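There are two complexes below, and they share chain A, which is joined by chain B in the first and by chain C in the second.
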Partner chain A sequence: MIWQLDLLILVFVIICALAAINIKDLLSAVIILGAYSFLMCLLWAEMGAVDVAFTEASVAAAVSTILFVGAVLKTTRRSKD
Partner chain B sequence: MLTKIYENLIVKTICRIMIPFIQIYALYVIAHGHYSPGGGFQGGVILAAALALIFLAYGQEPVVRRLTPNLALSLCGIGVFIYAGTGLLCLLSGGNFLDYARLAPILGVAIPRARSLGIFGVEIGVGLAVMTAMYSIIIDVAGNSASPDRHAASSSPENLNNNAEPAA
Partner chain C sequence: MLEFIISKYNFWLYVILMMIGLYAMLAKRNLVKKLIGMNIFQTAIILFYVSIGVKKGSVHVPIIVDSHGHGAQLIHAADYLNPLPHVLMLTAIVVSIATTGVALAVLILIYRRYQTLNEDEIIHIRQARQKAGV
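Moving on, here comes the complex of A and B:
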């Protein structure tokens, strides 16, 4: 547990979260959400929760990204607001 | 819809190389669930992700031909049955639910070995159930066999332009 590394990953996580909220293109938001999940996975692994990191990597970064891409392709790509 | 866009030789070849390794890794994660990180849930999700990769690269037809949605739901039930059956077997042998030590006389092995085998059986059940449930969700969300009127309503001109971009 290195707190400098924790802080660095946390800053990237917050940047990804803000970008995913603010971006207009929904497909880009899905990809940024995937990056967010992967950074969260790094954070879990760095803090010692390897099992949680494993679940985060497999569920959030893989399967939910696929589901979101499927939903975007079935509806619309541009956000209205 | 999803299948028409990404008919791509590079994607197909990379998927063909990657998918066996992904599936072997998923089986490794399931089989080593009781002494390393991972387990039935994570391994099942990785197996479902491998199926989704085939689905993205080759389209819906080859995946659905091998594992139809009805068969997937049946396997999901069988997975839950394996999990609950292991627990009920312990219950019937006079122990608590999932008390693997009671499986030792049935399996004919020592108690630590019976605990290991009992957890392994539960992991297999959970992996099967999670894989098929995730597969059913992916087919329902991303498959092109959804209701045709909803499909037609979603293909607005703006949406068609967006879909034409990657193919150009």
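Moving on, here comes the complex of A and C:
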């Protein structure tokens, strides 16, 4: 575990989380959540948990983002907060 | 005190991430935003558990060399990562995708019924419909 890399990716993850919460357009928020999941996958590979990184990349980053985008397209993109 | 905070910096950042998710679940009015907050909260907890298994100076997963033949060496547990939290958290990730899918299905049903995803407007429409006796 390299602590400089760990800290850098963690800061990026927190920035992505804040952006996903504060953005008004729901489709953008969902895509930023996908980027958040990929950064999380990077964090796990760096921690040595390669199996968790694989699962995160395939399940959480890909399938979850597709489900979210489908639901947003079926409902509405606009959000007041 | 400052040294204490810096030496455990990753735990503090996980707690910040967890609080971001909690804030989104409590304070945001849009239901999709609440779901995003729930996802962030879950990943923060999973991150905490995986980071428990990491040891300083050990980057290998446990692989037994020469396990079938002679000359098997003793394995020192201190040299390897602890793989138990990884396996437990794999289950947590799969469960989280299942809950997300069910929640999105419920969201689509709510939108069909009320034509909005804003929590305040949904409560307002519900009360108006109950008064009208529908």
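One rule holds in what follows: the second predicted complex is superposed on the first by the 81 of 81 C-alpha atoms of A that agree within 3 Å, B and C clash if a C-alpha of one lies under 4 Å from a C-alpha of the other, contacts with A are read in each partner's own complex, and residues count from 1 in each chain.
Convention: a residue touches a chain if its C-beta (ideal position, glycine included) is under 8 Å from a C-beta of that chain, and two chains touch if they have at least 3 such contacts.
Since we're looking at a predicted model, the values are computed, not measured.
When the two complexes are overlaid on their common chain A, residue A:A35 makes contact with neither chain B nor chain C.
In the superposition on chain A, contact is made by A:D51 with both chain B and chain C.
Contact with neither chain B nor chain C is seen for A:L8 once the two complexes are overlaid on the shared chain. Note on chain A: of its two partners chain C and chain B, the one contacting more of its residues is C. In the superposition on chain A, A:I21 makes contact with chain C only, not with chain B.
In the superposition on chain A, contact of A:A62 is made with chain B only, not with chain C.
When the two complexes are overlaid on their common chain A, residue A:L73 makes contact with chain B while staying clear of chain C.
Overlaid on A, the two complexes show chain B and chain C touching the same residues of chain A, namely 50-51, 55, 59, 63, 67, 70-71, 74-76.
Of all residues in chain A, only 1, 6-7, 10-11, 13-14, 17-18, 20-21, 26, 29-30, 33, 36-37, 40, 43-44, 47-52, 55-56, 59-60, 63-64, 67-68, 70-72, 74-76, 79-81 touch chain C in the complex they form. Against chain A, in their complex, chain C makes its touches with residues 9-10, 13, 16-17, 20-21, 23-24, 28-30, 32-33, 36-37, 39-40, 43, 46-47, 50-51, 53-54, 56, 59-61, 81, 86-87, 89-90, 93-94, 96-97, 100-101, 104, 107-108, 111, 116-118.
Residue ranges on chain A touching chain B, taken from their complex, read 50-51, 53-55, 58-59, 62-63, 66-67, 69-71, 73-78. Within the complex, the chain B residues that touch chain A are 1-2, 29, 37-39, 41-42, 45-46, 48-49, 52, 56, 134, 137-138, 141-142, 146, 151, 154, 156, 158-159, 162-163.
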